[in-house]
Structures are given as structure tokens and as C-alpha cells.
Amino acid sequence: MSKPLPAPLAGIFPPLVTPLRDRDTFDIDGLERMIEHVLAGGVHGLFLLGTTGEGPGLSYRLRTEVVERGCRAVAGRVPVLVGVTDTSFAESLRLANCAAAAGAQAVVLAPPSYLPASQEELATYVTSFCHVAPLPVFLYHIPSLTKVGFDAAIVRRLLDVPKVAGLKDSGRDMQYLHEVRQLAAGRPEFSILVGPEELLAEAVLLGAHGGMCGGANMDPRLYVGLYEAALSGDLKRVRELHRRVIAISTAIYTLGAPESSYLRGLKCALCCMGLCEDVLAEPFQPFGPSDRETIRRRLADLGMLADSDNR
Amino acid sequence: MSKPLPAPLAGIFPPLVTPLRDRDTFDIDGLERMIEHVLAGGVHGLFLLGTTGEGPGLSYRLRTEVVERGCRAVAGRVPVLVGVTDTSFAESLRLANCAAAAGAQAVVLAPPSYLPASQEELATYVTSFCHVAPLPVFLYHIPSLTKVGFDAAIVRRLLDVPKVAGLKDSGRDMQYLHEVRQLAAGRPEFSILVGPEELLAEAVLLGAHGGMCGGANMDPRLYVGLYEAALSGDLKRVRELHRRVIAISTAIYTLGAPESSYLRGLKCALCCMGLCEDVLAEPFQPFGPSDRETIRRRLADLGMLADSDNR
Amino acid sequence: MSKPLPAPLAGIFPPLVTPLRDRDTFDIDGLERMIEHVLAGGVHGLFLLGTTGEGPGLSYRLRTEVVERGCRAVAGRVPVLVGVTDTSFAESLRLANCAAAAGAQAVVLAPPSYLPASQEELATYVTSFCHVAPLPVFLYHIPSLTKVGFDAAIVRRLLDVPKVAGLKDSGRDMQYLHEVRQLAAGRPEFSILVGPEELLAEAVLLGAHGGMCGGANMDPRLYVGLYEAALSGDLKRVRELHRRVIAISTAIYTLGAPESSYLRGLKCALCCMGLCEDVLAEPFQPFGPSDRETIRRRLADLGMLADSDNR
Amino acid sequence: MSKPLPAPLAGIFPPLVTPLRDRDTFDIDGLERMIEHVLAGGVHGLFLLGTTGEGPGLSYRLRTEVVERGCRAVAGRVPVLVGVTDTSFAESLRLANCAAAAGAQAVVLAPPSYLPASQEELATYVTSFCHVAPLPVFLYHIPSLTKVGFDAAIVRRLLDVPKVAGLKDSGRDMQYLHEVRQLAAGRPEFSILVGPEELLAEAVLLGAHGGMCGGANMDPRLYVGLYEAALSGDLKRVRELHRRVIAISTAIYTLGAPESSYLRGLKCALCCMGLCEDVLAEPFQPFGPSDRETIRRRLADLGMLADSDNR
């Protein structure tokens, strides 16, 4: 049923938040609302169960529901990528099979986050996974969370595995991204997407294929616009939109304990904007009233609240 | 059915390896053999599905089997602790319920290893978990794997939660252990067990209650003997056995990539000793023939191979 | 004698290597040759005694000589910045006074590298230094070497100190650079220069004032050309030159132990190019014949050797 | 004039604080007072210009004065070790020559703290230094400050250099200390001293030769007593004194920013005890009145203030 993945995958793929009703109850209406919101903003696809989607923090039952209901709601309008990162290979594979059955186009796999593996072992891990995975696989490079990432030398080797379709680079080291782009020059269908939205402008200006921008949950048009400006080389507009991207992340992702300020800030903002509740999976807690008021005020200052939200 | 947990829990609690037949097939005979081996060596209890047991690397089905078959094989002879560390609160709880149903005496919980939480959030996480957990809970402090551990100030607060029964300290920072011991002076039934076997001697000499020594999978008598010597203040014997502990870990846990040298070395040694195969859960791979031969030779040099193993 | 510093300082400022004859003997001819080489390539100024110049690794006598002879050789043709980073405030100040006397235009100051200070203490440190320093001060943000850098919040405060003239950002975190640029928007004469040459393209495209590119010791025209292309928004040329920058750093800075591969590779390349010997200050050692041959071959492949060097 | 170094050096060697009048003015009376205070407490020698002595933070002139005046005040009563750690080999050597001329017995050398070296380069660095150094050399392992320490494999190699007389281990990893002790078994005159006072008890119980305890600046008798109790195997007394050591470090070294809480707390306590002013070299600042009052109260609670100090 599922359509083939465009190659290279290019554009803006929001790592969708997972709306929850409580710790282990999925808010299906919220998810559908979020999906319509970002699709209306022109995004090129979706990334379910990523870091922003709290994938590894959800029970397996809930992850399965998100994949099934998410794919059904998208209904083939854009490609869907599914995060299958887990500490257990078997569970990652189970989730990949669930993604394929639901009609997703690709899966996204970071190294297991508990016991770190050597680079050699990571290469074998990915190769073994590709051997049995039912969908194309994106490497997810996020060493700040998994302690080890995919070194450039290992990416070079994994470029030989046809099922490896691309890289999500959330390493925040642009030199790494530039090196990997150069290594992948011989595989033009290999897609390189940058994770942190603050680095989208330069990534696309210098040749990456797009980004998985958490902020696109709030304002998809902004990141789509920045992507398009960078693609067309409209530097004046790039600088203008990039400035706004930095202003948003400085205002919304920096409140409270730094470990969780991004996730709590983002979900709180979506709540202020009326898109979903700011229930988070454990171990995270939503902001209290005072911090929430700060976020609301900052959103208002940024002009991100509709008049009706802005009381 | 389950007997109450001794308070404070004291002695040697090997973090049992999980014998596997392949990536996702449990070797029940191997587990039973391992259990009889360590019980014959006089250990005071067992820790299933810890880091050494590759808990987070196993599928949920397999983890459930290990708990059920392990508890059945132990049959109440010693207390069984079960590692329930997971990136998802709901799955940790599910496993804790499974442990209680199987007759285990306690669970061991490290912080979620993917997205790091603030200390404040970790305190809430543990408190919420204790609120619903069916068994006493040991805090598992292992910041090298989970990026954040339980700071001493948070341990102090969690000492007020009656269900928090102890701490497994794998932080390798003895000052932390000393501080926590001093903080817990008012709760004499609170058990402090050290993780790294190389630190067992000093931990017990200075007042900790015992250790969860991976090496006890190979030679349980050695660690039990060291524990008893330290408890009785027999410094001469402590130094002699401690020297052997360091010699074993220097010889067996240091081959190949440092990320996985402990686990690969330990399981390879158990294989050379005829106790179980050295199949590892992904992303880890057993040693090849040359490294295995090195381990076998080092075991022989240490006198750890029976004559029949020692060809 | 010294001319005022342009504000904001903009362009390419090579962190000049320090040619040595042996561990503690300065090669004055080599320094003069290097200065003429980079000035002929169109650079906008020089940075003496930076990390690339092995500043902290040289004796005080030798540092003084470098400043005096370097300034004399430049003879006012371009601004000279002098690295004064040291573990001792008093010695940093002494070197700053020496720089002023020699006719340099500014000094560059990183946090003391031995005992790390808190952000609050760093702010006081810089303020105290500016109170007595005879020249404008650039903040040098290089947390990989000094363990702590200047957090954005502290840069914001230090923007109020008129003598703080700019920032050299070697933190490799472009989000930090973007945030600092935005914070400094109200002080248009504040100069933001990026350290790692691999990030020069995007830094200038998005508004930074230039870079301190180590590679400009070898090929100053390349980095000046990239700077100018970025400044004028010639994206096609930016991508082309940026590709070459990445190719050079991938080829020349990656041989041998990673701790010193940049410095050893760069000085070895300069030696192959006939610009200076590759003597390094302790604890670093030049490459042996085989590694040197590898560097020579890579330089030849990159077309960086004149025919006469290329035997 | 200088007496030979006992081999192995054993006992308590306080890393003496450096009393200052202001940023760059030495308080000679304070130093003499400190020396008499610790000698009266029975210490076995002194360590000048270590981390606690703010060695790398002082100007070269001041470091020279500390060495000369310190050695003169000790007047051969106990061995004096001098910290010569510096970012510049030439300056380390100059200071070592000054130490020899002043009558010190050994120097203590950590890796250069700015640009990190590979292990191979560190071995060459130490060997080269020993080739020209006029005194025995202690390796100073403190990776938290120098980013790289001396790996056990490198210590093993440096054991072959006769001038390498011992190791100060401030790595806080007791497994490393145990491994190094075992490696050095064949050189019984090689001295292993532990840095952090919180680890003194176990280090000596298991075979190390003593410690360089910062707290001995305040209460030398306590650490000497703990050393002697551990040496004689009096476990009951070890536990009692160790508890007090942990209580002191928990109370005195934990106030304010963690980067400098040890140094500020220690010097503030010495000031409250009337031993010296709490002037610190930049970038550190003494506590304000409120924090100082907290330290004074905690000292009083610990019974560390004479009645006359305790108003």
C-alpha cells in the first residue's frame, strides 16, 4: 500500500510530538489535530516517535497505536518516517514491522542508548537490522543522548548498504555534517537531514536535503519557508527567517531544568496554542502555572498566539 | 509467596548473565546451570536483568521468561532482585509486576537512559514508581550509562520513601558512596551495595553492605570470601583476595573495544569454563577465535579453568 | 604607534603558527616568511600566539619574542591580535602589556585552562582584566580546551564592558554563535569571528564577521576567497570553496593521534611547502618519515605543492 | 644541601595553600604560619604549588618566592615536593631548577593543561623532562583538570624511568589506583599517594603509601591519625576518623559554585581559623560575608574553631 520513498528525501519533516491524556493514554484527537496543522503548513513528511515524539518513553502498546493512527490520519498525503530506536534490537524490529504494516515509508534508528557499542559493533548492528527490516532505514546520529553516534568512517561503510536511505544528524557538529555530505557525494539518493532547527539554514545552504525541525510542530510555515529560501539561495530571506528561528528557540526552549527544557517548552507552547495538552511521558512533568504563563507571554511577544489564544 | 527482603540486604548478589542461544532465544538450561553455580559458591542472592544480564538489550518476552524461569529455579533459596530499568515508565512497571508475580523480592531501577531528566524530575519519577510498584525498589546509580545518576541530595530525599530499600552504586566514585552511607545513617535497614567488584573491598571495609560483582558469575567463592574477610576485618586476607580481584578484571575485562570489553570478556570466560555460550544480545558480538584463545589462556594463567576445560 | 582597531574587525585572521628551531628556540626567519606568505594571500590581520601558534606551550621569553618580532615584521600593514591566555592572570596581563608596547591592536583571552571557574567568576575575571589591560580584549570561547567557555548569558553581560571588542568562537556549536550574534545586535562594532575553518562559510553567510582559519597558514587565498564569496552572497562559489576547505581539513588534520593531529598535520604541511620546519613545542612531536610522506602525498593530490616542492 | 628522598615516600603531605595579600602579592608570614601549623600536626612532608596551592594561577615571580621561602622555612625538617605543572615545558623545567636550588626533594608534574596530548606524547614528555630535571619526578594524575591523565599502560612504561619516583593519583577512580599499585609491585620504592582526602582511608588500607590531603591545611592531626590507623590496620579507628573526614569535606567544600567550592571553602576556613587571609588568585574570589558566616558556623559545629575564633 505504501508509496515508495522519494530519493533523496528532501524538505521539512517535523518530529511530531505525541499528544497524551495521561502517562500511558494516547490522545488520538490531539494527534490528528497536530497532523492537520503541520500538513496545512506545507511540510514534506512526518517523523513519528522521534526524540520530540518521546518514542522511547512510551509503552510498546502506545507506540504501536501512534504508528497505526498516525499513518491512517496521514493517509498517504506525505511520507511517514517512524522512530524505532530502542535498547533492544528485537523490539526495534517489531516496531519496524508495525510501521511497514501501517504504511509508513521508512524507519529511523539510533544506536541503543543503554550500553554503548563500539563503532565496529554499530556497523554490524545496522547491517543486521537492514537485513531483516521491511523498510528503508535512516541512521539517527544523536550522540548527546546515545553516548556514541555514527562516526563519519562508519557512515562511509554503511553507504554501501542499499537499505540505508539517509541520515538524521542531530549531533550539532556542522563539520561532521559537511564531511558526511562529502562522503555521500557518490550516492545522490542518500538523504541528509539536520535535526536541530537552529542549524537548518546553513545545512540547506551548503547542501543538506532538509531538516526535522521540532519547532515545525508550532509554526510549520516558518521552517518550510526557511527551507525554500535556502534552497533557492535567497540569502536575505534566509537571514530574516533564521533570526526568527533563533528567537523562538531562545524564548521557548530555555525555561527550567536544561535537561528537559526543550520538550517541556515545546509541549507547553502547543498547549497554549490550543493544539494539544502538555502531558509528558515520565520522567518529565509539565510546567506549573507560573512557567506556563512565561511561555504564553513569550509566545505572545513572538506573535505566535492567535487572538483567541492571547487572552 | 515471596519471602520478605532482609533489611538491610547484605552480601554478594551477582548480576547474573543471561545465557542466550541466539539474539532472541533464551537458554534456559544455561540459566539454571549459572544459578546452581553461583548458589554453590555461597552468594547471598541474585540480580537478574541488570547491566551484566543485558536486561535493556533483551526483548520484553525474553525478559519475562528470565524472571519467571530464574525465580522458579532459585525456588526461594535466596532473594532475587530484578532489573526493571527501561526508557518507558510503563514497561518498567509491567516488568516489576511480572517480578512480583514470579516471587522476586525487589526491583532495581536506574534513570531512563535515553532522554536525561533533571534531579527534580528523577525524584518524582522514583516516587511515582514506588507509589505503584508491587515490590521494594533499589535505586541504581550508574551515570556512565544513564548520563544522569541520583545525586546525593536526591538520595537524601528519597530516603523518606519507605519503599526505597537501597542503592546499587555503580558510579565508581567512592566519595559519593561514603557520602550516601553517611546520609543514610538514620535508616539502618537501607542497603548500600557497590557495583564494580574492584571496589568491593573498600566499600565493605568502610561500611557498605556488599556488592553486585559481575565476576561472581565466574568465581562466586572469591567475592563471597572477600566480602566475609572485609566484614570480619581480616585485612591480610582482604588484601590477598582484592589483589586477585584486580588481577581477574585486568585480565578478563580489557580485551577489544573498551565499550563492550567487560561484557564480551565475561561471557567468553563463562563459555571457556563450560557454563554457558557466549552469545550476546545485539549490538554486541562474541569474540572471534583469536581473542577467545587469549581469554582462555588468561583464565588458565589465573587457575580459573578446571583441568578438563584447560586443554 | 599602534593604529586603532577597525570596528567591527572583519575578514580572515590566520592564527599564525610559531616557527621553532627547537623546543625553546624561535625561528625568526620562519616567522617573517610566514607573515609575508599570508599577507600576500590577502588576509585582513594576524592572530599571534593562539592555539595554533602554541602560545601557552611556549616559554615566556619566547612568547615575548614572537610578539615583538611579529609586530615589527607586520609593520602596521594589518592589525595584529595577540593571544594572552594563561593560567595566571598576572602573566596574561604582562603579555598584554608587551603586546601593546610592540604595537599590536588587541589581545585574545580564553578562560584559565587549569582550574575551571564558574561563569560568575569568569565575568569578574574578564572585567578585572579589562580594567587594567592596555588594549581591546577579544573573548576566546574554546571549551574543548579550557573546560568552561563563556556562556551566552555571560557574553551578554560582558557586552556592557566597552573594552570587550569581540569574540573568537571556537566552540563548534553554531547555535551558540547564532545566539551570541543576536545578543550583540545592539553593539554593531562588536566583532564575531569563528575559529574552525570548516564553519567559516555558514558563519559569514549568516552574519558573523569572519574567521581565524588555521588553514590560512597554508593557503590564505582560499579562506579569503571563501570569506568574500560568503560576504557577497555568491552561493555557488561558497559551496565550491567550502568543499575544498572540508577536503583539506579531512586530508591534512586527521593523521595520527587525534589529540594533536591538527597541529602536527598543519605544521608538517607547512614544512612540506617549504614555509617552516615542523618543530613543535612539547608535549608534541613532529611526524615521522612515513606520516610525513602521507601528508606530502595528500598535499600533492590537493594541488597544494608547488612543482619544486613536489618531487 | 637537600637530603635524599625517602623511598618510597610515605605518609601525609599537605598540598599547602599559598597565602596571598592580593592577586599578585605573597603573604610570607602566612606561609610560615601554615608551615608551622602543619608540621606541628605531624605531617610527613609538604607539597608546594599544587592545585590547592594555586600553583598554575600564580605569576612566575610569585611561584619562585613560594618555593624559596617555603624551603627556607621548612629548613630540612621534612621533604618538600614542588608542583611544576605548566602549559610550557620550558617553564616547568625552570621551576624545577628553582626547586632544586632551594633545597626541595622532588617535583610533581601533571600533563600540560591546555592542548591535550596523546598517551604516547605524554610518555615522551615525561621522559624528556626526566632527562633534564634536577630532582625526582612524581607523576600527577588529575584528568578532571588536565583532560588527559596518565593511563595505566603509560604508568607501566614510565616505571622504567628511574627518575620517576611516584604518582599522585587525584583521578578519583580507585580501580585505577589499585591497578597502578599492582603494576608497580616490582618497584617497591615507587610511591603512590592519593590526592582526594575522602579516599585516603581505603587507599592506605589496600596498600597505597599515603595522601596529599587538602584538609590537612586545617587539621593535620586528623589525616595523620587516619593514615596511621589505616597503616596499623585499626579498622575501628579508621572508620571513626574517615567519618569525620567525610563530614568535613561535605560541610566545608560544597558551598557556592561547584567549580571553585573546594578552594574557596578551604581558604575561607583557614581564614576563620586565623591561619591566613582568604585572598585567592584570579579567577577566584573569596566568599562574601554570608557564605563566610556559613563556613564559620559549620566549622564551629565540627569543633574546628578554637574558643577565641568562635565568637
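Just so it is clear, A, B, C and D label the chains in written order, and each chain counts residues from 1 on its own.
In the analysis below, a contact is a pair of C-beta atoms (placed from the backbone, for glycine too) under 8 Å apart; a residue touches a chain by one contact, two chains touch by 3 or more.
Values in this document were obtained by computation on a predicted structure and should not be read as measured data.
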| item | value |
| --- | --- |
| Selected from B-D, A-C or C-D, interface repeating A-B by over half of its contact pairs | C-D |
| Taking each chain's C-alpha mean as its centre, the one farthest from subunit A | D |
| Rotational angle, Cα trace of subunit C fitted to subunit D, multiple of 5° | 180 |
| Distance between chain centroids, defined by C-alpha means - subunit A, subunit C (Å) | 36 |
| Euclidean distance of C-alpha centroids - subunit A vs subunit D, Å | 49 |
| In subunit A, residues with contacts to at least two other chains | none |
| Pairwise touch network: line, ring, star, complete, or other | ring |
| Pairs of chains, among all present, that meet the touch criterion | A-B, A-C, B-D, C-D |
| Residues of subunit B defined as touching subunit D within the complex | 172-175, 178-179, 182, 196, 198-199, 201-202, 205-207, 233, 235, 238-239, 242-243, 246-247, 249-250 |
| Touch list for subunit C against partner subunit D, complex | 23-24, 51, 54, 56-60, 62, 85-91, 94, 111-122, 124-125, 128, 145-148, 256-260, 263, 281-285 |
